[in-house]
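Working notes, structure below.
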Amino acid sequence: MSALLQIKDLQVQFQTIEGTVHAVNGISYDLDKGQTLGIVGESGCGKSVSVLSVMGLIPEPPGEITKGEVIYRGKDLLKMDKKEIRKIRGKEIAMVFQDPMTSLNPVLTIGRQLSEAQILHLKISKEEATSRSIELLNIVGIPKPEERLGEYPHQFSGGMRQRVMIAMALSCQPSILIADEPTTALDVTIQAQIVELTKKLRDQMDMAVIWITHDLAVIAELADRIIVMYAGFIVEETDIFQLFENPLHPYTLSLLKSIPRVDKRIDERLATISGYPPNNLIMPPGCSFAPRCSHHIDRCWVEVPKLKNVGSNHQIACWVDVTTGKEL
Amino acid sequence: MIRYIIRRILQAIPLLFIISLMIFFLLRSSGDPIAMMGGRRATRPEDRERLTRLLGLDQPLYKQYITWLIGNDWSLVDIDGDGIPETPGTRKGALRGDFGNSLVKRGVPAMDLILERLPNTLLLMIPAEIIILLISLAVGIYSALKQYSLVDQVVTAGSFIGYSMPIFFIALASMYIFAVNFRKWGLPYLPTIGMFDPKVGKTFSQVALHMVLPIFSMSVISISGYSRYIRSEMLEVISQDYIRTAHAKGLTERMVLIGHALKNAAIPFVTILAIDIPFLLGGAVVTESIFAWPGMGRLFIDHLGRSDTPVVMGILMMISVAVVFSQIIVDIVYAWLDPRIRYS
Amino acid sequence: MKTTIPKTKQYGVEDIESPPLSISQLVWLRFRRHKMALVGVVLLILLILFSTVGALFRTEAYGNITDTSIRLQAPSPEHPFGTDTVGRDLLTRTIYGGQISLMIGLTAVIIQIVVGVLIGAIAGYYGGWIDSLLMRFTEAVFNVPTLPLLLVLSKMLSDKIPTIELFGREFSGSVIVITGVIGLTSWMGLARLVRANFLSLKEQEFVTAARSIGAKNSSIIFSHILPNTIAPIIVSSTLGVAGAIINEAYVSFLGVGVMPPTATWGNMLNGAYKYIETAPWTWIFPGTLIVLTVLSINFVGDGLRDALDPRALVETE
């Protein structure tokens, strides 16, 4: 069975005053029905840009999708015209964004913002949409939903707002939910609640989820598979267990090492990744991570590594075998 | 919300007092009304004294202000100079709409003169304001949506030019083109003087025709400025996250624009009205002078030239009151439109 | 771990990272992008040259020679801009009028900056009743429409100040009056801007740090906070020059501004509507020059505003 969503060799660039920003440099991955994929990486690695491209939400100009295909149920979303893609957005693929305060329109009621997509996509009446919205708010755990439909975003707390965003995203029962750092702007306890909520809904609705984060701890609870991105490339792709038990890319290793652990001695220094984040304006001839890597060899500086299999369901983009230090 | 309205109105009162004080002291310390009234003949000392007492100019300045403000018809004034107040005053005071009598048109209350001309000025200003709002909105939104397109660049350049022209230049140029040269070229041309052709009479079409060029001149500058403002506001709104969310839900461009963007852009747009009213009122002075339009602005300039303090002060005060109140109204509308203020 | 590739072929972070641009480099880069701003600069330079170099060819006195026998003559080789209602050469008057108009514009803005920044800074920094008082006052002046206020003030004061001599030239007192009056009625916007900036900046840590080492209030205001709010002041002032030139033109046009025989572009247009048809050159030349000057200043100001936009100068993630 072919995957629900297939991204093939996607390349996205932005033309800015300082030059061309290479945001996404040829990434490919699949998403199966009901699967949860986590995308992990630091700010600027291209994770948000890649999913925004899926939805066709990259402003062009200055953005430009220079290569690639995004196949959803057999059709290439990148080749669709505006009308077609609008039918997909909100209905088949829905998105939850990072900052719920700015992502909700401050001058429209929650009820209105919840209903409009439903009325448009499901072709139901306003009353039907309203009663569905009340149910949705119930499902995401907002008390007294009938009263709150007439309220405005600023009358909700941060966690509540994000629940509303989730309700909005689920309102038309999409097959794929994309969540772009949905808990980054929330504090830790609320974070846990949102993650639980997502798990419950995903299982209930048998939805595929793409969850973007820079926090490995969060993703461990949710994902089946993980993609690690760096400088617009995928550097490691595997299932959740192998990632934590047997990480094989130097970047992933450094990331995991830098997570503070409760069982470490308190006088040990925290591990960091030396060097600076990559500059997307310049595409180096070799591996973008080389300057910060403790395992680099000659080949790393002259050739960009491609993804290759290093185990069952485990790929990395690296020239080095970190266990031996020798070339792969 | 009601408390907000009341608070704003209460804040306006001291403001108006300060303004009236400023205007009063400014104008009282200039010119010599007695000399103006005398005309060419030198005034005899007795007449001068009498007039001084009549006009209340022998009183200390602060008393003059109070008289100006609340009148003196509730007290007695010393007219015959014997030091004993015996005649009841005749002034009702500015608070009751009495700015004194005009020094140029003797005996005629300044307020009457002003009210006579006020409708004519409104006749120019209100249609001008409506045109300005509608066109600025249309142009601004279109430019924002088609950013960097050819139309946008042309409009932007045109706005700069329109915004850099003094009103009288626009007036002169439009007179030159549409009146003078159109007539030369045998095209139907627009009139340039006054409100109507005396030979035809004050008909609706006459007045309407005569309104065209003045309103045009008044509008160009404002439209140029505000269309750019609206354009930048719209651009700001369009770049917001909630617009991205709206797109992500699959809403059509029209739904996003009208349902989501416009409502947010409308809020700062309302402030335009507050800024524009003083500008239009001020610009009316120039426009009415050029086109010989019998409005308040022309009254102002004519009587300023003849040092008719009561009329000048009356007009200044009335315009300032209009400005203050329009700002209050705009603030109220602003608060009502933005739910974050309304429900807090 | 062993590499045989020489260090020079390795791209360290120093190579991958392009050197960050300094603020002034960034501003200049952004300003250059604005074609209109560059056009404005060129235009402005040309206009300034017209008024300054042009003065080398004709004296001001020449522009004041009246000869009613040649009144209202169309442009000719001898009088390239024609003559006015009393036979004065319009080209000369335009050149010197330009000097006056530009000078008034600049000087009025200096007054505007001084008053506006002082009031805004003090109100914003000290807060409390000082702030309330100053802001009430600012609001009061702000609410009186500028043009009528300008007219009243000019009329009142213009005959009170005598003609003065400066740099060997005579300036009728009305020039001083106009300059002062325009400056004193246009500072309110700047004051509000500066105050708003001060209100937010004074809460920042560098102010607390300065206070903790015992810096005096005046030093904090002028050496610490003010430099951080320079950008909007620059933009506001640039646009203020355009506004001042227009205001002078309005007031002079209505006959209560700069008095003859001193020429300004504004008073050259006084009464021009009587001669629209018969002598268009009397108003087309000075009028167009006003428009071009104001236009070029507006271009430059707009370019500066975009170039100095603080949001754009911050590195985005």
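Points worth noting:
In this document, chain identifiers A, B and C correspond to the written order of the chains, with residue numbering beginning at 1 in each.
Here, contacts are C-beta pairs under 8 Å (C-beta built on N, C-alpha and C of every residue); 3 or more make two chains touch, one makes a residue touch a chain.
Here the structure is a predicted model, which means the values were calculated and not measured.
When every chain is represented by the mean of its C-alpha atoms, the one lying closest to the mean of all protein C-alpha atoms is C.
Highest inter-chain contact count (C-beta pairs) belongs to B-C.
The distance from the centre of subunit A to the centre of subunit B, each centre being the mean of the chain's C-alpha atoms, comes to 56 Å. Centres computed as Cα averages put subunit B at a distance of 25 Å from subunit C. Mean C-alpha position of subunit A lies 50 Å from that of subunit C.
Residues 36, 136-137, 139-141, 143-149, 151-153, 155-157, 242, 246, 249-250, 253-256, 269, 272-273, 276-277, 280, 283, 287, 290-291, 294-295, 298-299, 302 of subunit C are the ones that touch subunit B when the two sit in their complex. Of all residues in subunit A, only 55, 57, 82, 86-91, 94-95, 97, 99, 102-108, 116-117, 120-121, 151-152, 154-155, 165, 168 touch subunit B in the complex they form. Of all the residues in subunit C, the ones that touch subunit A in their complex are 1-5, 9-13, 16-18, 29-30, 33, 317. Interface residues of subunit B facing subunit C in the complex, by the touch rule stated above, are 14-15, 18-19, 22-23, 26-27, 29-31, 157, 160-161, 163-169, 171-173, 175-176, 179-180, 278-279, 281-283, 285-286, 289-290, 300-301, 304-305, 312, 315-316, 319-320, 323-324, 327.
The touching residues of subunit B, when paired with subunit A in their complex, are 240-242, 244-253, 255, 259-260, 263-264, 267, 337-340, 343-344.
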